[in-house]
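Order of writing sets the labels: A, B and C. Residues in every chain begin at 1.
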Amino acid sequence: MSEIITTDVLVIGAGLAGERAAISAAAEGNEVLILSLVPPRRSHSCAAQGGMQAALGNCAKGEGDSEELHWLDTVKGSDWGCDQEVARIFADNAPIAMREMAHFGVPWTRVKGGPADYFIKGKKVTLEEPREKEGLIMHRDFGGVSRWRTCYTADGTGHTVLYTMDNMVVQLGIKVHDRMEAISLIHDGTRCLGAVVRCLRTGVLKSYLAKATVIASGGFGRVYKYSTNAIINQGTGQSIALDTGIVPLGNMEAVQFHPTGIVPTDILVTEGCRGDGGLLLDVDEYRFMPDYEPDKQELASRDVVSRRMTEHIAKGKGVPSPDGEHLWLDLRHLGEQHLRTKLREVYDICMYFLGVNPIKELVPVRPTQHYSMGGIRVNKDGHAYGLEGLWSVGESACWDMHGMNRLGGNSLAETVVAGKFCGQRMGQWASQQPLALDTKMAADAVVVQQNRINALLGDGLGKANENVDALHDAMRETLQAKVGIFRKGGELEEAVDTLRDLYQRAQNLKLRSSTKGANPEVALALRLPGMIKLGLCVAKGALLRTESRGGHSREDYPERNDKEWLKRTLARWPEGAAEPDISYEPVGLLESPPGQRGYGGATNISMEQSVAKYNDNVKQEWIKQGWHETATPLGAELKEMVEYASTKES
Amino acid sequence: MARQLTFRIFRYDPADPDSKPGFVDYPLEETPRLNLFVALHRIREQQAPDLQFDFVCRAGVCGSCGMMINGRPTLGCRTLTAELPTTITLAPMPSFKLIGDLSVDTGTWFRGMNERVESWIHTQKEFDPTAEEERMDNETAEKIYELDRCIECGCCVAGCGTANIREDFLGATALNRIGRFMLDPRDERDSEDWFELVSTDEGVFGCMGLMGCDDVCPKELPLLEVFAYMRRRMTQVATGQAKPDAGTSQPVIS
Amino acid sequence: MSNNITHPEGELVAVKERARRQWKLDAISTGTGIFLATFMWGHMFFVSTILTGERGFNFIADLFEHYWLAQPTVVLVTVVFFVHFVTASRKIPAKLAERKRLKKLGDDIAGSEWNISKEDRAELEKVRPHKETTLWIWQVRSGMIILALGSIHLFIVGADVAQRTFGIGEAIGINAAETMARVQDGMWLLYAVLLFMVEVHAGIGLYRVTVKWGLGARIPVIGKRITREMALIMEKVVLWFFLIIGFLTLLVMAGVLDPPLAFLLTPEGK
């Protein structure tokens, strides 16, 4: 019989969210074990460059900032698609989480009092940084915000925070089993008991049993052909949750395209480039963003900038190249000193991967898949719908502070805030649970997975003839071509058809290798059907959502429709089904009624229902979808709304 | 005409009793701006589906893809084939346990390293969620960040003569990490604590001074300057001249 | 530190003592190295007085012996010489396979297989520099040669000094005529090799010491920080300076060259 490992809390994924949750859970007295596809410090969190949003208001342009403003910027950024209570929890806890990270050891860039030079909206300005704030955490500007509130360490924020977090994990002696992949959840239909795990060193299967299982496996960007995501971001966590047939994935059609992926290699250069004064230019080296967005210019929210760039390219203003059309990012005026210190990673990436020196030359960029707002639908404590004992935090979750679009710097901050907050709630919950040791169920679950692997390595089902890499490519190309920045009904239908077909074909994979151990072809073959399923959830959700909101933009339905679509898509995959079941729930209690974002220029179809009526329905609709009761009552974290006018920009 | 490349790749699966270590040749046509990330994936897709290697971020920041490229330890994703002759020899990094082919177990090694040097802030202070963050001048923060940029790729260890022949040697990455915490005013470890950590033969005084680490570090960390600073500071400790906490007042990085 | 928890108290003390001992050994090898290098330069200057003719040389030699400077120096240098050998050779790997591994690694890091063509070598060396392993290997080799040849030299000179001091035999001590005769009798080969090896060994050694101990420190007065490039340039200047002086001296001693600086001690026109 295969090995069984037991622990109180099992965390799947050792990025920032997973590790922060693990630390919180350990602080509640639980034994915690983390699984990771790669050594924890290689997790994709390390690649985040720009920073983390938190309303500390320490610098000149951050003056007067508050949690209130941060919350409202987040709600606006989400195009009112988020759960506003969760956004409150986030905005209120972000400053504490940043200070805590400072206590843990992050070398945040600090305020230097006195005059300092910046580039704002294309012009050089000198601001007087407050001397009484000398030595506090500094901020930089980011897209879609009313104040400077992005805390950062040069352009290695994710790296320094992840290293500091993993230092804490090492200090606390939390066990990390790296090169381990959870390939299915062990559950009885109501309760999650752990996971079946494949060792990527040896190919051996084990089962891990725990009171609470936390999925913190990051995004699924790699279902797209061009993505800024690390190659491990294949949505393994979301797929195993979807495989249960019970747990829904929320808002999978909400996919973010980042304006500045470099061409060709699709590596991200941070939004901090534009935050620090970088400009977007077209084929004529003309700065086009002020024409589209006179107010926010290059620093509108990411969905808007990406759309404007795509629009501009469609007008024939793109720069032709063998790797497709692109636009330019101009950093030259920031100067060598700035580029070699505060944007050093960006400088290195341009030099090593493009052979372009950003001090003297323009950087080729285009919008590239970057983030998945959608994920495992959880309540505000992080507890997944439908299965008790399954939790999720970070990008893999749809906690839903991002709604249909997230603001730059909000997701990196989310990892530590959600990790801390949900980790604590989960830890408290777990410490009151008995450990259910159903070794029979664990063994059965392992057998099911072992049979899958044996079938792949053996002759399959007789008619096995499909090549893993070919299907993998076809899936990525379909999503890239037909479920991109601008979406059309016809193309989305084609995409759903193609993906449905690919999913069927993925049942008949034929491997070319027969190595039994850590065979990478087996790993991909095991992931592929799950990835196609996620792709289908994205495509079908996008097809059915006949409006444009945040990152989801339909050419045939350009308005945001608050009358019919102020709701969250939930996708479930019943056992044996050929495509996901889609249903909907209200986005959450509304504190701020849907309004104008102030950028993006879309028209809205207003709500007909009153806010009070909408709110009345929320809880019962959620319960129908499998929502778990939370530690504090629904709405407990909401506040009395301050007057909207006072939050307008100064 | 595009060059015809030959990738001479080390193949060995320690888990398979029939596998024998050795090099296998894979031909591949060069395409513009081809790097080893793309090249190895092409080889895996077209010729060797079970070829093991590690990439994660493919952008030079995660430190996964350290390997010996024509004998030199460096990051695969950042290496363009154009820099190399037509025969490209790839081998796994020494000093780390082999997982298979080009893949080595840096995770276990670095966890051990982090435990050994106690890579965390040692402080008696409790975090106070209601208080303002403790202040730090920006220059100190920048100095810490300079050393905190290590990506734990292992190239410095693979390129270290001493580490190649002495398993217990801390290696440049560990010494750099110690330097990072020495600089950090939040860490309360004192000179005596540092002394017993770095002043042994496994530490900075075991270094032979071959400077391989400095020459191969993909992040261009000021490793030699950190070690020189440590030697001076440890000598102050040994000769009783150390200030109670020399900390940040010491210039390390130019 | 958690050492307090994981190690029993006794072991903690042991760790501290071990750390101190190893610091001491490294400091001794470095200190003796610097001492020997400094001595060698002084030595070179004094021997090079032959460039001014026999009179200059004999004056210095006589001075040192008369005022009892030479005698303790010979003893001290001999002791330091062997202490340096013992402490410094700790770093040399004992096994042949290990030494081979070092050499291979050094060659590989230097990018011997990264070169597309010989012509590009200079260009590529800028991008992928590494010569320190080669330098280190030569430091070891030169050290071994110095150990052998230097011992002979120390013995001869020690005998010279001892003869005069204790009044044995002709008892004239170190003098130009005898030294030159010795050189011309075939000892030039020993001295040429020893000279070259000493300068190489001291040059590389001081470069390494500068990098290992001084990097990043501010140079007094100028205020600049020491970098690896600066250390390498200094090493080269010092190496060539003493090599040139050394070989000129040797040529004069071998009688091939007339003392070029003889005019300094000879009245004009004579």
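Everything below uses one rule, namely that contacts are C-beta pairs under 8 Å (C-beta built on N, C-alpha and C of every residue); 3 or more make two chains touch, one makes a residue touch a chain.
Keep in mind it's a predicted model, so treat the numbers as computed, not measured.
When the interfaces A-B and B-C are ranked by C-beta pairs in contact, the top one is A-B. Comparing chain C-alpha centroids with the centroid of the full set of protein C-alpha atoms picks out B as the closest.
Chain A and chain C have centres, each the mean of its CA atoms, that are 61 Å apart. Between chain A and chain B, the centres computed from C-alpha atoms are 29 Å apart.
Centre-to-centre separation between chain B and chain C, using Cα means, comes to 34 Å. Counting partner chains per residue, chain B shows two or more touched chains at residues 118. For chain A in complex with chain B, the touching residues are 38-44, 46-47, 96, 98-100, 102-105, 107-112, 134-138, 153-154, 156, 159-160, 163, 166-168, 170-171, 176, 178-179, 201-203, 230-232, 264-265, 267-268, 322, 341, 345, 348-349, 352-353, 355, 468-469, 511-513, 515-521. Only residues 13, 15-16, 32-33, 35, 44-45, 48-52, 54-64, 78, 99-100, 103, 105-108, 110-111, 114-115, 118-121, 125, 127, 129, 131-138, 141-142, 144-145, 148-149, 151-152, 184, 186-187 of chain B touch chain A when the two sit together in their complex.
Of all residues in chain B, those touching chain C in their complex are 68, 70-73, 83-85, 89, 118, 122, 159, 161, 164-165, 189, 192-193, 195-196, 199-201, 203, 205-212, 214-216, 222, 224-225, 227-229, 231-232, 234-235, 238, 251-254. Taken in their complex, chain C has these residues touching chain B: 1-3, 12, 15-16, 18-20, 22-27, 91, 93, 95, 98, 101-102, 104-109, 111-116, 128-130, 132-133, 136, 208, 211-218, 225, 227-228.
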